[in-house]
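As written, the chain order gives the labels A, B, C and D, with residue 1 at the start of each chain.
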């Protein structure tokens, strides 16, 4: 609740008014519960079509749940997931995967948040050894935790590698819309190499909803039961569906994401050449990662809200959102420049 | 989506307009995520005060999650929950407790959905025997699955028995508001004997939110972490909080519940004396359980929506909601009477 | 450590000398660990042949582990096991199935420890309902917890029913040898209708070993990994294998079991007509269940060791073992008779 | 089953004859099951005294189980273990900790298998952050996976650090006897800084038994139930106890370990100066880690059994055991030298 726009997280933003409007619109009268309502059917059908998914679409409450449900469709109890060390699933979900799935996460250090076939291959040495949890799924994030995007070519290469190795490919798509906007491609293009992926609503203007998109038809049987058992089945599902209906109307999801990306780009441009400020990662979504001088961080945080990503390296993360304005960005960039001049 | 009011479930109803209005009101501008916002603080503080809870209040997405989170605060891995065989936690949650908690549920048959000290005692024979999961918590539902309510005296007796036996007492309060309305008491009166309980919003006019209320201060430490790990931490928490703020304003939660109860009472009165129709349980909430002739059920279901509760016994369940009108009830009661005349 | 033979449990007996002799015999020199040794190969091959198992055989440390590993091959996380309320898996394993598998156990009351197609059918009502854990496996015990045996016809009927319903059939065979001895049939006859079953060594003269026998070839893939993950892979496996080699030599397993059965039969005969003593179950294995007068139990327990099975019903359980002698039985029967005369 | 002594693993060795002799000695007559027998009491009391343990001692079947049971006494569900990346618990137990405990393992790369306060501190950054599994236990191995030993000073420093940070300290003591022999100290000296640790029998001449030693009295309550639930309670416990009784008699455990260590030392000495062969780690137990030329490995493995530890680095592991003879070592060392000369 600061007067100044928060650059801390895209979930500091509220919901887009179209989302709330749609929630109000579905409110009249009775509706069958647990997803047997026309709005859920419509939202899921639309998403399924956008992704070209042969399996189905399952709405859940948040991103942690989307990841855990998605992964649960891919693993037997003794099978493991290969994923980047910094993955949300590994670092930011309080051990939900270990607790709910009982699965081991096989982490791989990455400089930019991206897995490659070579990095995955480095984790496959012990397949068939009964003493080792067996690698069976690969989990990437698109957009990555570092704000970078896999190119379509990279995704295809991952998909081909996984298929050739008998691995399943999952993508955490909490910011998938931002990736689509950055790549200028369809969601189906991104999703094609995947077995299961999530499609985030919350960070892109929803109040709180994510979709688990099952691409492969043979993986869908368990999904309704797993969702319920994982405590993610909404009784009044229409209010989850409505949020996606709002985002899907006239491509709002893409406009929101493209705008947020543009604001990140504008911020990166606005601080170009500022003394002591260096971009740490390419700006390929709605995130700007930069390294600052240590006392620069502290001074800037007195007036602006954002996270320090890597304390020892003085790397900060600045997120934009669908409702970040050019004025917000310009004011913040000016603050960064002023701080540098004053240092 | 029938023109006729559904009597199938109180979650067929939409959200109360005050709830949606409050969601729109909290929408403006940024807010800290994951509950560090003023609305969450206000909603939780209000609920905590209503319950006289020394621990704290934790918002979650649905009733299954409230039960699992609540129970998780009470058990070590080898400890078990004693609960009625028909409990939602046992029957309707797809094994979430077993999966997420790994805990055994020790079920007790009950005629009316209510546990008693004697029924609980019958499950305590093997304490200390290393071969047996150790009973440690008792889970009741208030309102019960049979639509009945424990009296305050019954609750106190359960609480005293549990304390004397070193057991923890949990209550599934998905319809706790209806119980308070029926008993004419405060939420604190009901909650006093409990260690942890849930306070349902969804069935009482919310779009989708429940609160886990931790009465005992020493049980609260784990709760924030367990909630996150159990995939129930909302990033844009303000939209969960807003729903409770809407329900708490001017005691809307109690008016909604009292109205729903009244409509159930009116329905029970409206079918009194109808041939072949017998109440199966006392009407103490927003549910009417009745036995009908087998072909009566089928005929009535052609035009009205409701669930058969017990197929062999021809018992049906008719639920009312905050938005059930007197006209809805009267039309339905007339249909029941007409069906009986025609049989 | 009483001078008098214990009738409390067949695991109060020691190991048969042939078992210890074989353990000493395999002791010389090095052997590959984790089961890649010739004795394990030989023991498992022999058991596989005795059962006509197409899958494979996996040695584990104890009966709880055999049940949990066996069941784990049959279930997805949201699937449940139908089993008798009194099953060891439900009552005597401290919730291991819930903890390790996360699976729900759907219990059925039975008068004699036996499931029937009708009893199983009564638990199948909610298949496909996403709110319910989905019944997928049926677990019986042969010998049952009540000392009774399914006939081959009953087993076949269960097998056919399960196949027709898409259910998997598991048998806890902690006392399978006693069942084979009672029925006068081969292990393959008993095993034919099963998908997976256990074959107990410990209660039949081993020091501590059980085998999980996988009948169906398509169920075996997971077994080596599940056994390791479930902490049941012995590094020096030869000492588990040796125990079975000892029991398999010259059909010792069958002679041990037949003898124990005979001693139970002799005990039942020896107390026939004693005032106040009634058989509670048919004597079909190495167990005699009888009801006594309440103070008879107490007096008898002053000098003899046995368990009270059902306190309120004054039912006791008397177990014989491979090393129970005729003299042991006769002395005990005399004590029962003397007690009755004295009362 | 090679005529040549295996240098692959200390569990390729058989059991010491004193162990088998003791198993035969406890065999006579009945004994109460599940550990209520005099031999179990004696073995556990002796171990407890050797360690100065205030809690208690619990026998289990294997090392994986000892680790999982030991760790289970230390953690709440959302709490995590800090441990070396190469720890057996992390790498060699097929994800048992994740499956059975649902706990996250926080791995730390180490050059020599040893944790330090500084390495642990690097994993403590996010305590209190609800998004992160909370570090609560530290698990070391003594002897480490690299064959090295913590000094008593290092152990004390770890203990003090853990206490000051509110962390619990666990040690995987599968080869604890070898550490005691190397350090020339008592087991109590090693155990003093620990909360829980395991004491391995299997690799030191037993047929298959490990002890979980609970140092802290307040941690012992759960242990009997956790052991049973984790499928590690032997019914005929006397045969586990007997193995330890055999090892404890006249300090056989220490002599076995000292001998194995001596043989490793002799091997290291015997290959000193061989061209192309370099020790990779200090020889502080019964393991010799050495780097060889790649085709040297292949040639040596044609006739001798051992594992390649690190394929790309050409590091091999040579293990000695209680029954490795000087002649075995000398023959093997000669083979290493011959191979080097021939290359």
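We adopt the following convention: a residue touches a chain if its C-beta (ideal position, glycine included) is under 8 Å from a C-beta of that chain, and two chains touch if they have at least 3 such contacts.
Since the model is a prediction, treat every value here as computed from it, not as a measurement.
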Of B-C and C-D, whichever chain pair has more C-beta contact pairs: C-D
Rigid-body rotation angle, chain D and chain B, from Cα fit (steps of 5°): 180
Longest centre-to-centre distance from chain B, chain (CA-based): D
Centre-of-Cα separation between chain D and chain B, whole angstrom: 50
Between chain D and chain C, distance of the C-alpha-averaged centres to the nearest whole Å: 34
Distance from chain C to chain B - Cα centre to Cα centre, in angstrom: 42
Touching two or more other chains - residues of chain D: 77-78, 93-95, 99-100, 102, 130-131, 133, 225, 228-229, 233
Complex contact set, residues of chain A against chain D: 77-78, 80, 91-95, 98-100, 102-105, 107, 125, 130-133, 311
Partner chain D, residues of chain C touching it in the complex: 1-2, 5-6, 9, 11-15, 17, 20, 23-24, 26-33, 37-38, 61-65, 68, 93-96, 99-100, 202-203, 207-208, 225, 228-236, 238-240, 305
Residues on chain C engaged by chain A in the complex (per definition of touch): 34, 72, 76-78, 102, 130-131, 133-134, 222, 224-229, 233
